[in-house]
Amino acid sequence: MKQYRVGLIGTGFIGRAHSIALQGVGAVFPEVTAPVCEILADRDAAGAARSAAAMGFARSTGDWRQLVRDPAVDIVSICSPNYLHREMALAAIAAGKHVWCEKPLALDAAEAREVADAAARAGVVNLVGFNYSCNPLVRVAQSMIAAGDLGRILGFNGRYFEDYMADPAVPYSWRCERRFAGAGALADLGSHLIDMAEALLGPIESVFARLETLHGSRRVPATGETRPVENEDVARGLVRFSRGVGGSFDISRVATGFKCGLAFTVFGSAGSLSFDQERMNELRFYAGADATGRRGFRTILAGPEHPDYGHFCPAPGHGLGINDLKVIEARNLLRAIADGRPAHPGFDVGLRVQRVMDAMERSHAAGAWIDI
Amino acid sequence: MKQYRVGLIGTGFIGRAHSIALQGVGAVFPEVTAPVCEILADRDAAGAARSAAAMGFARSTGDWRQLVRDPAVDIVSICSPNYLHREMALAAIAAGKHVWCEKPLALDAAEAREVADAAARAGVVNLVGFNYSCNPLVRVAQSMIAAGDLGRILGFNGRYFEDYMADPAVPYSWRCERRFAGAGALADLGSHLIDMAEALLGPIESVFARLETLHGSRRVPATGETRPVENEDVARGLVRFSRGVGGSFDISRVATGFKCGLAFTVFGSAGSLSFDQERMNELRFYAGADATGRRGFRTILAGPEHPDYGHFCPAPGHGLGINDLKVIEARNLLRAIADGRPAHPGFDVGLRVQRVMDAMERSHAAGAWIDI
Amino acid sequence: MKQYRVGLIGTGFIGRAHSIALQGVGAVFPEVTAPVCEILADRDAAGAARSAAAMGFARSTGDWRQLVRDPAVDIVSICSPNYLHREMALAAIAAGKHVWCEKPLALDAAEAREVADAAARAGVVNLVGFNYSCNPLVRVAQSMIAAGDLGRILGFNGRYFEDYMADPAVPYSWRCERRFAGAGALADLGSHLIDMAEALLGPIESVFARLETLHGSRRVPATGETRPVENEDVARGLVRFSRGVGGSFDISRVATGFKCGLAFTVFGSAGSLSFDQERMNELRFYAGADATGRRGFRTILAGPEHPDYGHFCPAPGHGLGINDLKVIEARNLLRAIADGRPAHPGFDVGLRVQRVMDAMERSHAAGAWIDI
Amino acid sequence: MKQYRVGLIGTGFIGRAHSIALQGVGAVFPEVTAPVCEILADRDAAGAARSAAAMGFARSTGDWRQLVRDPAVDIVSICSPNYLHREMALAAIAAGKHVWCEKPLALDAAEAREVADAAARAGVVNLVGFNYSCNPLVRVAQSMIAAGDLGRILGFNGRYFEDYMADPAVPYSWRCERRFAGAGALADLGSHLIDMAEALLGPIESVFARLETLHGSRRVPATGETRPVENEDVARGLVRFSRGVGGSFDISRVATGFKCGLAFTVFGSAGSLSFDQERMNELRFYAGADATGRRGFRTILAGPEHPDYGHFCPAPGHGLGINDLKVIEARNLLRAIADGRPAHPGFDVGLRVQRVMDAMERSHAAGAWIDI
């Protein structure tokens, strides 16, 4: 099997996560040949060189366009701020590269459609970084829902709480500016929740939402001045899935005390499932068919019965981590490339998520339900 | 201190809860004289007599109007189906009795206002059965919020999940009919959640809601026929408190696996609080002021530092139960009568809750935000 | 059914718990006639009179011997410090009264045998206050074990952690003195754990133990002097049940952070059960027979399927409290008296528990296994 | 920095864990140069070749002695069954290689001493695979204890429960035979618990233990015959640390329902700490110094404030997994080699753990406390 060469753009949180996943995936998944960390791009050449040394990349560049054009590169990993996703993805697609782009796919649905269409036309493999739905326990949940283990689905309750901007003293950053980040909590956290909801229950067909900015302005560290925050800290919504199920969303980046609180409950007439990323190795399952007086939510610990857990560890309950989810994502990408078929979750998923986000923003503005 | 005489109407779930509380309150709260369980009313004389013997009442009647008029009765406890609350309460008030009425106070806000106004005019002590907000840990939460322990309040996330109608085979009952129950999950469960939310954060000023009936018809046991369910199984909403805080509600009587899932999180800039009635002896508190690397939600176990826990038990963590909350409610009523001042939560609270419920129903119909 | 008259000795923590249970039991259990709180004894007449007024007793006395002899009294409740249990119980038995005695039954096994034998000879109904094993969920556990739901029993892990003496500044009290308390943590907490273990798995046949006093001396509040603590803060042990099952005990009154941490896990070849009094409305059950990949500990919430929960509340998951366990205990006593048969857990249980405690003390002294 | 070359012996559970860690460590820890997976040994040449291809090793051999002698190899990873550890480690040490050996270090303390002494004399870097104590949260616990955050240490409660042999149908394997495995649950699970206890509280000075084999014989898959199990399924013990603290151990490989239940509580006069590997990203901390009525166990989520979490992810609460602990272990080894200083936990730790295990076995035989 061919050893693919990766060009990675970005050296922050998620750039390092890609790098760790790319270097780890070969040891975990024998079906995949370990890729080569070929070249790393950052804003300037010196920083890129330092990061390449630290992160284990062979070469580096201060110019991402050069990376995208590099004939040695098979795959481009895009780990830059949101506003660059579209441009970089289009350039990579134009250069015939496979693309692994972080979420959200773009700043809005129009951009996302442009990118998804370009990728589809070019026939390159594409993947968007929705790592949480790659959790083996989420796949269990999906298959249980699909198999009818919960009976008729009656509702969805989802939330994604983090608190990285709860403190008003958190400084102004690109995340506060629409031209750089697009939406706020909705784009950063809500995109994951929407992906999760649709992964479990299929497409959302209509939404009602209200957005709020709790800390209206923040201090710019460089200048000391105070600037208005242009996007929302909180997004709350009601949703309606195409399959005729209703649900609620609560999304916040100012949810003091929560660190990675992506959680959902799916209610069915015969059972329910509950999950919380802060306890990512546990799936809670209530089986209505259990004997009277013996019913209760089971805490199912992730184990080798839940693909792909067994590739990481043959013993149950020993625990996967967030980076392991990225390894699964990397495997999805590399296997799709090797097999010449689409990867999942692809840019089509990224586009669908973006459309729901856009609809939530429009609903807030209109104070009305919006169809997608 | 005078020993008050109680006439209790209703012998079901909540009627027995009142009876247990009335007979227990004197032993728990020395400040209160144990009331006399004077007379019990049920639909027919024979059943009332049997129940009176079983429940420890001195006399019984098949005619609640007789109970209300009984000169020996000081306090009327109303534990009948929702549609009777108004009529019974008005009769009791007219007879100059103090009234302990179960929630919801009435079938709609107009009725509730009629009842609340009558009670206010008559100057009788009145209390509505919002037992959950009588929990000592909820009082702790209230005082922490009021004292600023959470900093600026940033949001509210509340839900009340039960599953008593999740099974489509659950038969048709008065709870399914508007003329008897009024709203569905909203009235039965949502009323508690609204009370809790307002107890913590003050009045709600506007709402957006969507109601759903998941099991559209149910079988009538007596006849075997199938009849349409007239009220909602699920109510989801977004809310806005007068103090300028937003929140979300998720209410369901078809939430498979949940038995008494009244839960909330209050987010503040300096801390957060979380509570779940299924673990009613635990309050979770995240203090942003804790040292770096040592922060986390504390699980505070109810103890004698949290009034009125110490009246039940001087040792912390030993656990109160649902009936103990009713005992606190009974104490609130009896003490207010003895002191000649209003009881809390009074009919004014019952009315406020009903207005929010009505607004949620209207919002559903209008597909728009409704001010209260 | 006859209305029994109770004389209660003691007005502290557990005296009030008896009083609350006696006044509440009639409303909860229709099968039982509410007893009369006839007379209360305390150390002096004035205090007893004040307490009787506060606790709802008709009469009072400063002399417990008078109470025991009182012809109006049918039942004597003994809620005094440990060292008085034997003398009071013997006096009550001699007077032909039924006896409800708090745990531990006596200061050592010899005393306990004297009391148990006297009660048996006199034919009076007797009950010892092991409230925790009266929990409906503990009865579920018992019946599951008995029914073979766990398969072959493989082991027991039990602990009882509280922290009421963790702080070295907690003053010296009668609990620190052998002549008043007998053993320390072993008597106060360990007695409950031993009762629980034997209630689940039958008699213990041999033990090995080590006792420790962590805070060797404490200050006497009245005098300011420091006195040596004469009994243990911690008792750890290994046990062997007659049925051929092994287990471990960990008992501490200096377990900082734990308030009522009586917990156990019973392991079987086909399943396991876990319980923690701090979450007394939850029983955790792992069923090996659940489908592969769907196994996990179920959190079973107490509900009406678990007798006697339904007497308190017909709705599941609404929660019992510690005082409700005492109500069940009171019902056990009153029903046994009415039926003219032994109550459970009787003085025979109190004796058995005391023998295990004694054996643990002797094992500590000998550094060897001790048979019981 | 030099790129070290690793020879790995063993291709099972833990062999793959080493391989994954070795290939991942460079991307996570910039301070470390990614090692080369040079050569893999398995029982036969063909299997080794297949595994090498699957696991990403350059070369393979069916003869571990050849691997050990290979001049290209700097580090030997020993992931074979227990009985081979001594021989392989001695050979690797004799060949001047650094050694990463899985736990338990050997079959008994005499063997372990031989290996530890040889490594010390040879001056090679050595590490034993106690991954659980490499958890960032365990390091937090260590530093809190050392800093006095818990006040005076009052006790230790530890257990390690798994259920991989709970089912009597689990077949006979090398783990059941003394000559291959040495002790049973004690060696496989207890070794981790002992390491953890000593990592937190220092050396254990005396033990009392009882061992049990619950399933006395098992079926040999190849032959269908039934053979007696030669070592224990359960080991329970009382321990005494040199610092004057007591504790209890409960260790079982037949603990139905538990998958990786290595858990401890450390009690102090000013606070307590609790940890459970099944929720390896949570440390529970009770601070006695918190305000009255606001105390409770805090659930501290692992985050970048807890070294080395931040190397894996800069965002708190996102979760590490079991393989990440192995990456930390690999870093410890590689950094020690680069720095020319001892690695931790080294063979000295492995020896100390083995001595406690041996003492527990001797205590069981003698029915008496054994000093170490």
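Order of writing sets the labels: A, B, C and D. Residues in every chain begin at 1.
Simple rule for what comes next: a contact is a pair of C-beta atoms (placed from the backbone, for glycine too) under 8 Å apart; a residue touches a chain by one contact, two chains touch by 3 or more.
No experiment lies behind these values; they were computed from the predicted model shown.
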Centroid comparison with chain B (C-alpha atoms), farthest chain: D
Between chain B and chain C, centroid-to-centroid distance (C-alpha), Å: 34
Rounded Å distance, chain C centre to chain D centre (Cα mean): 41
Intercentroid distance (Cα basis), chain C paired with chain A, Å: 53
Multi-partner residues of chain B (at least 2 other chains): 258, 295-297, 301, 303
Topology of the chain contact graph, where touching chains are joined (line, ring, star, complete, other): complete
Residues of chain D that touch chain A when the two form their complex: 13, 16-17, 19-20, 22-24, 26-28, 30, 34, 53-56, 164, 258-261, 277-281, 301, 303, 312-324
Contact footprint of chain A on chain B as seen in their complex: 150, 154-155, 157, 159, 166-168, 208, 210, 212, 214, 233-234, 236-238, 246-248, 250, 252, 254-258, 265, 267-272, 274, 286, 288, 295-297, 367-369
Residue ranges of chain C touching chain A (in the complex, touch as defined): 140, 282-285, 287, 290, 292-301, 303, 305-306
